[in-house]
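In what follows, chain A forms one complex with chain B and a second complex with chain C.
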Partner chain A sequence: MGYAIKKGILYLLLVLLAAMCLLPFLLMLVNATRSGAEISTSFTFIPSSYLKENWQILSDYFDLFLGMRNSLIVAVPATLLGAYFSALTAYGLAMYKFKGNKIIFGAILVFMMIPGQLSLIGFYQLCTKLHLVNSYVPLVLPAIAAPGTVFFLRQYILSSVPPSLVEAARIDGAPELYSFHRIILPLIAPAMATMGIMGFIGNWNSYLLPMIILNKNEKFTLPVMMATLRASLDMVRNQGATYLAVAISVIPILLVFCFFSKYIISSISAGAVKE
Partner chain B sequence: MVAKKKRSKLTAYNNWGYFFVAPFVVVFLIFSVYPVLRTLYLSFTDLKVMGDAHFVAFANYKRVFTDKFFWKALWNTVRIWSVNIVLQLGLAFLLMMVFSDVKYKMAGLPVFRVLYYLPNLIAATSVAFLFNTLLDWRYGTFNIMINGIYKLVGARYNPVDWLGSPSTAGYTLAVIQSWMWFGNSFIMLMAGVQGVSKDYFEAAAIDGAGRWTIFGKITLPLIRPIMMYVAVTSLIGGLQMFDLPFLMSNASSPSYGSVQTVMMYLYKFGFTAGTIQTGYASAVAYALFLIILLVSLLQIKMFTRKEA
Partner chain C sequence: MKMKKLLALVLAGLMTASMVGCGSEDAGASASSGSSSSDSSSSTSTSSAAADSTEATVTGDGKLVVWTLAADLKQFAERYTEKTGVQVETVVIEPAEYPTKVQTAIMGGEKEPDIIVGEPQMLEDFFDNGFFANLDELGAKDYEGQIVDYVWKVGQDASGVQRAISYQITPAGIYYRRDIAQEVFGTDDPDEIGKKFADYPTILETAKALKAKGYRIFASDSEINYFSGDSAWVVDGALNVSEARFDYMDLVVSLYQNDLTAYANQWSTPWFQAMSGDVPILTAEIQNYEDDSVNVWDAESFAEATADLERTTVFAFGLPSWGVLTMRDNVGETSGKWGVCAGPAYGFGGGTYIGISSLSERKDTAWDFVKFCTLNEETADWWIEASQGDTVSLISALDKHKDDENPIYGGEKLYSFWLEQAKGIDYSKVTKYDKVIGDAWGAAIGAIKTGQATKEEALNTFYDTIQSTYPEIQLNR
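Take a look at the complex of A and B:
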């Protein structure tokens, strides 16, 4: 008896905590359909009918779809380049013995520990010199060299790809790149997907670097664009539109999460067990 | 003869390694190694926005460590992070205890795990925006909710300016940070517990060990490395805290002085028009790095000593 009650209380607490995680999102969705005046005076979970008006106000401020398109132009290539070249590098480090292999791996370990702010100023200076300010190149190209992803994939290859597989392909006369593309990539695809999804979310949400590199409105990625609304805000009139903007910015990520939550959870777990 | 031929063929194969790592190495040298070294060089110069850089030795570092605003920013960062990490890890730890309990055997971990992780997915700009609006002291839904509850019990609520007043802004940010990150820590801790072989628990249960003994003697020691990993990574991230405090405060608000973090301080001298002092900002970056390095070494030492 006492056991069942205690267990019930535990579940109740767990559900309450889950509700706390969801409440802001729920309020966001409800408030996106209410007028600013309504939100400012009362509180409810029942949607109202101002969705269209809010959308109007929002469109006057900025073009959310442009921001989304810009974010996609940055995040998709960065994710694909990151996944492919990290796999390439990881395979090179795991399967070939060559001079410098250990040095490169050591550098990867060191740069995994170095906080990002250390390169920020030098990075910006480099972009100025190469005339890459306001270009997406500095936001996409560096994805080719992602130390954390290379480290993760190298460990994965060492633990799950038997060298005999590649040797057999060599005896059959398969070129090295062919073996990599046809044998190795399919084998490590789950690990690449895991890192790729985390990479996509990171790129999509990234704020500081795009804010520093981009300074033309039409180039802004979604997070940078959202941040400009902050200063120009008439609370009472625009509150509903603000919630709508947040809701729209959140939807793509929620979709990704719905389909790939398994991979995301496993990548966080891998981060912990790696130790 | 055959052996020699075989070896040369193997070397030929191994030379492919250069091909595979070449793109990484080129991009890594240009976009990672060079900027870090460039920042180091600049930290010893007096470069402003434009003009020439002159070597000034350690003058920038001296200025960093004697500037009371730097120390204030460091103190703000540490204060917000401390409250945040206690809440975040504490909650994750409690949840881990609940879900790993041998007596209650709670179900539904996959669902709860996903729900608790949800806040971590959202861009900081969206989170900041959402809470800026929810927490607005006059018109925000949060205060209106509290006001409703006060009214129900017949009391009068004096609206709190959660983000605007210096006494609450830091704590509000810490709570929001914890809300964003506790799910992440929880998944990591749970991964550690699930990595523990079931045999241990069963053997202990057969030997008649109580659930608290099992928790204290098996679960806890085995997840200590993961606790360390979470604490160290969270500290490295925490000391670089920028997005939320930056987006949820403004320079004219009275609470600004109590939420300006080291990264915001760096941003001011590195990238804010009118106050740019590139050389000095570079020194701030390296000073922060030294502090992070020192503290994480201390942390690692603390955790490993306990194990011995």
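Take a look at the complex of A and C:
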């Protein structure tokens, strides 16, 4: 009896928490169907009938699917490159003992603390000289150097990958890269999936750099396109359209999350060493 | 030991391999750019000086690139293409990030944008950094006097060189309810009602008269903010807090403390609601000015919290001329019952100013585009139609439309009214410090009216803020 009550209370709390997390989402979906004037004068969870008008406003400003495609072109390679090369670096720093290991790690930590916005003008100049303005290269390639991810993965490898696994592989004659790909990567997949989700969300929502680097409407990524809805006297009227754009733009994030979260759960129990 | 060395080698090999992998693309790109890199570097080094140079090289390739923060220009560009056949590429950038974008691009030597724009508060920095080309050299002087005077002045840099022109004017006015005016004051004539807003003590009297009849003068107490810039904040390098500023402060404090407004925040839900009918009078507890903590966004708790509150109808709003459009979208059933009259002083807010990038290689086409947007009567006519009531800056167009009646505002002839208001604006009173000092002054007023600080404390905080933000400004406390 006491157990049931305890459980009841627990579930009630969890339901409350879930509602708190989901209500803003629901509100976003509802607001996507309301007109700007309605949004600014009242608040409700009952959908209105302006979905079509909002879509019309949206299409007048930009092509949502083009923006999604552009964002995918940037976010997918940037995420994959970032996760793979960070894992490589982290593995090297965690598994091999060599002179300067500590110094390199220290340097990575220091770079983690420098905000990227500081060097915007210099970065832009570099890109003009390299003729990379209006290209996705400066948005994708720098993602390879992700100090935060390296730091996280190094700690993860140190704590959960026993060196004896690699040693065993070596004894059996596996080349170093081979043992990294076949033994280490599957083991650290949960950590990489976590960082992959973070990285994808970060790249997908990235606004400042694409806004600076891209000068052509047809090359804009989704967040840059969406911001143009605010560049009008009709800002209040465009609110419904903004909600609609945001609602649609989170779909890929949700998909990626579902995809990666499978890995987070499935590999926690995979492979280990008998002590 | 041998193993270790081997590992180190492998690692080093991997690192170089990956670096070569990434590097090859860059190397190719930079090699191909080798031929043009010399001239691009020279142009970046002179980017700040280029503003004064006269390299009006016309490529005449029939193309133009516009970077704008107002979506309006997109319509202008489409019409320009229609009329002249010049292909215009319009890139719209969010206003908040626009200065960053332009600054990074122009300082980075970007030649792509031909047309760049700015709002009044951004312009001074843009001018100082030489982002805008000299329009006088392209012949802007010939058009002096065709544009409303204050707009012309806003587009000039510190030494009086024309660098930008706006297609719109944004003088501020008081939007009031004609039916309430008729009931309380016995007249709804804009000139007569304007007298009720002639100065700060009079506004307080007006507010009390309205309250006695069960109305409230304003929804928020920020409505007269647009008119408060009657004296310059900085004169000859010294902070200037005029008597009018203190009068304004006293008025806001008494409006708040004597329950003379509906306690809504500007741009919040009840503020918009007040445009279309009666609203509950919020109390200071519900509408927390400090952190906006009222649940005005949450209708149910809002309705609950305000169920016992008295309801009232708001008499007036203070907004610049673009408020005509804001009101139009929100007045609902009160459409036609509104009027517009002058405020206690002249003021203006916002406006998009068009200029030419100093690095543009198509300056002549760009100048033609600027003239098309701002100095062409036909365009102005079209824009009045297309924008459904925006106020243009071209005097001849305003004259032509001076008898246009706006049905939402009881058939008032708004264009001639705005022209009159715009004539009174004295742009010499605007400084680049206005935004920060104005915000600090607003914070001081907020602290006093809510009783968080005494007047003296709040003023001291205000002076401290100014001193730390702008050490170069002299203070006479």
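Note that the second predicted complex is superposed on the first by the 199 of 275 C-alpha atoms of A that agree within 3 Å, B and C clash if a C-alpha of one lies under 4 Å from a C-alpha of the other, contacts with A are read in each partner's own complex, and residues count from 1 in each chain.
Keep in mind that, in the parts below, a residue touches a chain if its C-beta (ideal position, glycine included) is under 8 Å from a C-beta of that chain, and two chains touch if they have at least 3 such contacts.
Please read all numbers here as calculations on a predicted model, not as lab measurements.
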item: Partner chain(s) touched by A:G92 [first = chain B, second = chain C, both, neither]; value: both
item: Touched partner set for A:I144, first chain B, second chain C, both or neither; value: both
item: First (chain B), second (chain C), both or neither touched by A:R237; value: second
item: Which superposed partner A:F43 touches (first chain B, second chain C, both, neither); value: both
item: Chain A residues touched - chain C or chain B, whichever exceeds; value: B
item: First (chain B), second (chain C), both or neither touched by A:M28; value: first
item: A:I73 touches, of chain B and chain C: first, second, both or neither?; value: neither
item: Touching partner for A:A18 - first (chain B), second (chain C), both, neither; value: first
item: Contacts of A:Q125 with chain B and chain C, given as first, second, both or neither; value: both
item: Partner chain(s) touched by A:K216 [first = chain B, second = chain C, both, neither]; value: second
item: Overlapping contact positions on chain A, where the chain C interface meets the chain B interface; value: 36, 40-43, 85, 88, 92, 96-98, 120-121, 124-125, 141, 144, 176, 207-208, 212, 224, 227, 230-231, 236
item: Contacting residues of chain C [partner chain A, same complex]; value: 4, 7-8, 10-11, 14, 18, 22, 25-26, 29-30, 32-33, 37, 40-41, 44, 65, 67-72, 89-97, 100-101, 103-105, 107-110, 112-113, 269, 272-273, 276, 297-300, 302, 322, 325-326, 329-330, 390
item: Residues on chain B engaged by chain A in the complex (per definition of touch); value: 13-21, 23-25, 27-28, 30-39, 42, 91, 95, 98, 103-104, 106, 108, 112-119, 121-126, 128-134, 136, 138-139, 141, 144-145, 148, 179, 183-184, 187-192, 194-195, 225-226, 228-230, 236, 239-240, 242-243, 247, 250, 263, 266, 270-271, 278, 281-282, 285-286, 288-289, 292
item: Touching residues (chain side chain A, partner chain C) in the complex; value: 36-37, 40-44, 61, 85, 88, 92, 96-98, 120-121, 124-125, 127-133, 137, 141, 144, 176-177, 207-208, 211-212, 215-217, 224, 227-228, 230-234, 236-237
item: Chain B-facing residues of chain A, complex; value: 3, 6-7, 10-11, 14, 17-18, 20-22, 24-25, 27-28, 31, 36, 39-43, 85-86, 88-89, 91-93, 95-98, 100-101, 104, 107, 111, 113-126, 138, 141-142, 144-145, 147, 150, 170, 176, 180, 201, 204-205, 207-208, 212, 222-224, 226-227, 229-231, 235-236, 239, 242-243, 245-246, 249-250, 253-254, 257, 261, 264-265, 268-275
